[in-house]
């Protein structure tokens, strides 16, 4: 009989960033809390970790190895405080290095290599979202760098998020500016999906760019950029004061710099993006903003730390998920059940997936999906 | 302490606790009403907590709580089982009747 | 005032009925009960009061006793648990024997459960029953047994030494009897203790110095209990010391230069000279503490390859290997060979299941959990990973039982330091075979954490976490008639009510002779045993409940039926008297169950305070009242 | 309450540690049971010889419930001895034509209110049905 | 107790649960005078509130009541119930404890425990002694075997209608009582302050914001199982259904770094097994499932007990499930991964779910007694081997769950050790002679 486990693999996973691999005691809580339990799925974090501990191969099927949406629910519940996302990432890195990677992800990483964004958009088109409006360019006297997520740069639906935000920032008189074509993707989804080298390349390029431009403070439109800049850029020499748009808008509102009419009046449910909520502990600000716009915030069945992931994290936004496995479908249903007329959220990925599910679920006429900035911009005084 | 003084002190205490007394009295009043309704319902025959809850429009948990309390203080007793539930009936006024 | 003769004069019974402020009188016609009671035989006073438990109520009784009107008391009120002691106290204060008292419970058992005329009738009947019994009461005195301020402890491990130390600290003289030439028992086989990581040697040295330095403690090594008789307060013992032989000589050779009190690793604490020839010491001890310890399970030959493959060892052997291995870093070396991979197998000789595990040579299975091995194994695993980072460690377990304070941390740290766990089922345990790809052995095991996927691990060393089993104490068990449980450990009376006591008064259990325990727990148990022993010996006499069997020699015909029925050993003995054989009760050994009373056809043996005559009087009174009125 | 109170008294031998406090707990809950029941305290019912029980029936006791501590008996070995003795009493009762339902061995703990009342009502029914102790022998 | 009064004892035992009572009785039997200071209205602690206890399955009340009564009647023991320790310091060689007698609003010297007041009182309050599943009154005696049997008024819920005073046969009701402070001086002290169950677990509950009416704590299950419990049989509290399927979730809060409770609570495996066994006796057709990480049946005869439960048909599932929600019929949905069978995701409904909640210390010594709580929150024992019950304060010992989670057997054994420690200290103070 062949000897097994393969400790070399175990060691490799740890070297690739899954340091906590052996600290897992296999209680299985991660598999129980995982959003994949909401649908039929072969992905069980505990089982993957066990395979990793034993160095066992056989987990490389796309929907298992690339199943984790990095929603962080298991991590914040793990009794041993194991960095489960780190382990998932490390396993993906190992196989990615061996060339094993879902085709759709390959397309996204290919575009990143070529264009610095996963959207197959040309680098020079990065400011396409600002077509027809004036957006200040970041300069030595600018307070904030506005870093627009690649999705909001290139995706048509998402561009409105950035445009709305700019309106609000202008109205509040915030000193901000954009850099534009030289920016690269923050690299978050590439890193989580296992392309560590690509992450390093883009992140370093951004750090160099920001440092060269003298950036001190950053506004992000995406919580993914937020989390990455806050937690992962410092070790590459990038130390910035980073806020998500919802946090900044909330401060502006509190300081009386942003005035709204408070006339929205609709029933609005708020979907907590994983990277804003569970990853960054921002829960109350977006809700307060919605209320300021006059919306009646209605509770959904699962909120804040208990929120259900939209399914787009961990690189899955680039992958194809069968209709019956989409969490975003469950989420729009929950919003409808809560009696919401608007499902608001604060993340470009969430917007993409929820918009899509709103359509497939036939809720186009009854449920609008909006980013918080979009809702606010409509209510500007 | 003299009787007069005690009376004074008690009065002061009641004044101090006015709000709580009011709230507790309101609770007691509601409880008395609920108990009365449950007794009326049971006077028509034994019922399960679920039936009591449905007939009186109160949450099943609350109906059960009242029935348990009424049993503890000798007002009702457990009767036959109906499906997965036990029924409760009023304690007859003269239990020794033979 | 005439001196009260405590039960010898003609009964003059006082009956006192309580209203309990309406609690009784709302349902019971108290006046009627009092009136009826006044008409009963021997009743000289019958009164009522709103609250008999109040001072004025008690004064009524005291006055009547002092004035000579009554010499036995019946109070009819609430449950006896609430106020029996109150009224006995009042009677004692009046100078009467407190046992000349009977309580009628007419609240909890009458007025709160019955209403109408039946309640009064029943109250009357219960009062009549109490009066009937009161007429038969006798004064009782607590039984005192002289107690020797001396205790004997059997076993010189941590439990025995702690017990001896704690007994001496209470001012008692102590004999500490140890079979081997050394103190320290099994703890001497350890290197570090968990969870404090204290060195076993330092622990034992500290304890042994307290024991050896205390002039109240006499240590007998190479010694055993050779004779045993007597009872609490006065056990008559002989301690026999014999020159060491066999393994003891080997250990002595290893410690030949050690002075008394010095710890020799993996041997024990030297405890002075050993006897050159057999000698015997007679002792009288008031109490005994049994601290005879445990033994490690010895795997059967072939169990996980033990005894067949030299690379298969037990956990105590690993602990010793690691202690001897001074080098750190790289890999653990055993017999000059580097150990790349080591497998630790849990539950060897513990949690055995009939039908799965073959019984040992004695036909017995160890169905119990040995409690300490999980943490001990994890401790060893952590130490291995720390000292020899290039030695990979695998643990094969059924359940990890790190229950104690600080124990779970060993499990956490083992995982964090890279120990790989596999979970096995008793039906499919690990299998150890000779040879591997580059290893001496291969361990295969279906892993329950991966739905039974078979692991095949090449290892250079297999370590068996052997359980704790009871020491072979057969001779002692027979000599002292000790109770033994189904698990073969010594059996306490009740795990919660009397956790360190044996049925025979004055004998206590400490440490792992009772059940597996770790060092702290054994020291704690020894303290508990010493506290009990100290409490009974501190006064110089042992006071026992008076409710014990008593023989009326005029009725006894010496049939021996009581002796046969008796549940306690030697509590009743047949003795020769001028009139022939007669039963005699040893009150120190009698537990007061009364089984002998039921067995005696002559009615010659009775339980003091609860005699059949008293019960018959109660029944007569109840029947008379019940049928007299209700018919 | 369906149990009528039987004419003949029922004797309950209750252990000091378990069933006597159990009976008190029924009282504290103000639960009713027939009043022809007389509870007598005993350290353990193992002390009563066969004759005691038979005498009781002769005297006019309609039924006896032994309420022991069962396996919680504080006297090691006393409960098995009691159970054995009760078997012997049943044999003697049969010899005398006494219905053995007149004697019950039960275990009642300090808080067994429901079981206590059940046993008392049960015995009442038996005694009400059988009438005077010994009458069943004459009837046969 | 008059304000400012000082009373002298040989030993002060803080906490009148089973550990404290056992320690107090051992010391009292050795001739020492002991004060037992208890915060609750009755002694007996958690144990008197249990149904039956493992592994012997004897009735908890039947084992605790004699110990309670023995302490109450012991000439060397004085009980101080409803008393709060303000602080205790060693002053001039003596432990000087400031104690507050909290008001009962009922005169203990007059109350005869008849409960007429309780029957009369018009205010019903959830009875925490019965898991909240039934009511008590605003004036009440905690439970039938409480010691002392004295009524008390729950001021928070009292409407001061005076009905209790009117019916009290002894005029014991005294609404004007106030807190009284007094001093206890003793040579030694035993801290036996016990445990509480984790309360904030429902707030996280692994993925579900609310737990529903049919998810209960293990102590609530004890009440459902007790013969004198709220329903006098095991019914589920949501609607009174006799449950057909009951699940236990082990390590609910224990062994969890995330919750700051990395330790094993030590008793939960055994009591869950015990509760399952008792349920299988009461409801022979019910399905009983225990979800566990490791079964820790480590004590004497515990493993055998566990094996009996398996033989009786109790199902053991190695998984850490989440409460996924409640069905309209009231059943609780659990979700988990089938680890051992490898068949993937499982969703199962149970009529009733019991959380085996973590044990937390009931007493924080900071600023009250100069001993420290260790990182686990329980009282530090600096010499766990040679003096396993000694605290950092001279002549002060600890036992039972105050010094870490512990079952009854181990608590009582440890109480003996603490009594030994105290007795030795006293003997040393008195020149090597016992009392």
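Some observations on this one:
Labels A, B, C, D and E are assigned to the chains in the order they are written; within every chain, residues are numbered from 1.
Simple rule for what comes next: contacts are C-beta pairs under 8 Å (C-beta built on N, C-alpha and C of every residue); 3 or more make two chains touch, one makes a residue touch a chain.
No experiment lies behind these values; they were computed from the predicted model shown.
The chains that touch both chain A and chain E are C.
Seen from the C-alpha centroid of chain E, the farthest chain centroid is that of A.
Nearest to the overall CA centre, using the mean of each chain's CA atoms, is chain E. Across the assembly, the chain pair joined by the most C-beta contact pairs is C-E. Distance from chain D peaks, on a Cα-centroid basis, for A.
Centres computed as Cα averages put chain C at a distance of 24 Å from chain E.
In this assembly, the C-alpha centroid of chain D lies 35 Å from the C-alpha centroid of chain E.
With centres taken as mean Cα positions, chain D sits 75 Å from chain A.
Chain A and chain C have centres, each the mean of its CA atoms, that are 63 Å apart. Shared interface positions of chain A, defined as residues touching 2 or more other chains, are 25-26, 47, 80. Counting partner chains per residue, chain C has residues 81, 115, 118, 400, 412, 449-450, 494, 497 touching two or more of them. Counting partner chains per residue, chain D has residues 5, 21, 28-32 touching two or more of them. Contact residues on chain E toward chain B in their complex (touch as defined above): 119, 122-124, 126-127, 130, 133-135, 138, 156-161, 175-176, 213, 230-233, 235, 237-242, 244, 330.
If you check the complex, the residues on chain E that touch chain A are 204, 206-209, 251, 255-259, 293, 318-322, 324, 335-337, 339, 344-345, 347. Residues 56, 58-59, 61-63, 65-66, 115, 144-145, 226-228, 232 of chain E are the ones touching chain D in the complex. On chain C, the positions that touch chain D within their shared complex are 79-81, 105, 107-110, 112-115, 118-119, 121-122, 125-126, 129, 493-494, 497, 503, 547, 565, 567, 591-595, 597-601, 603, 607, 610, 612, 615-616, 618-620, 622-623, 626-627, 630-631. Chain D contributes residues 5, 7-9, 11, 21, 23-24, 26-28, 30-33, 35-36, 38-44, 46-50, 52, 55-56, 59-61, 74-78, 81, 85 to its touches with chain C in the complex.
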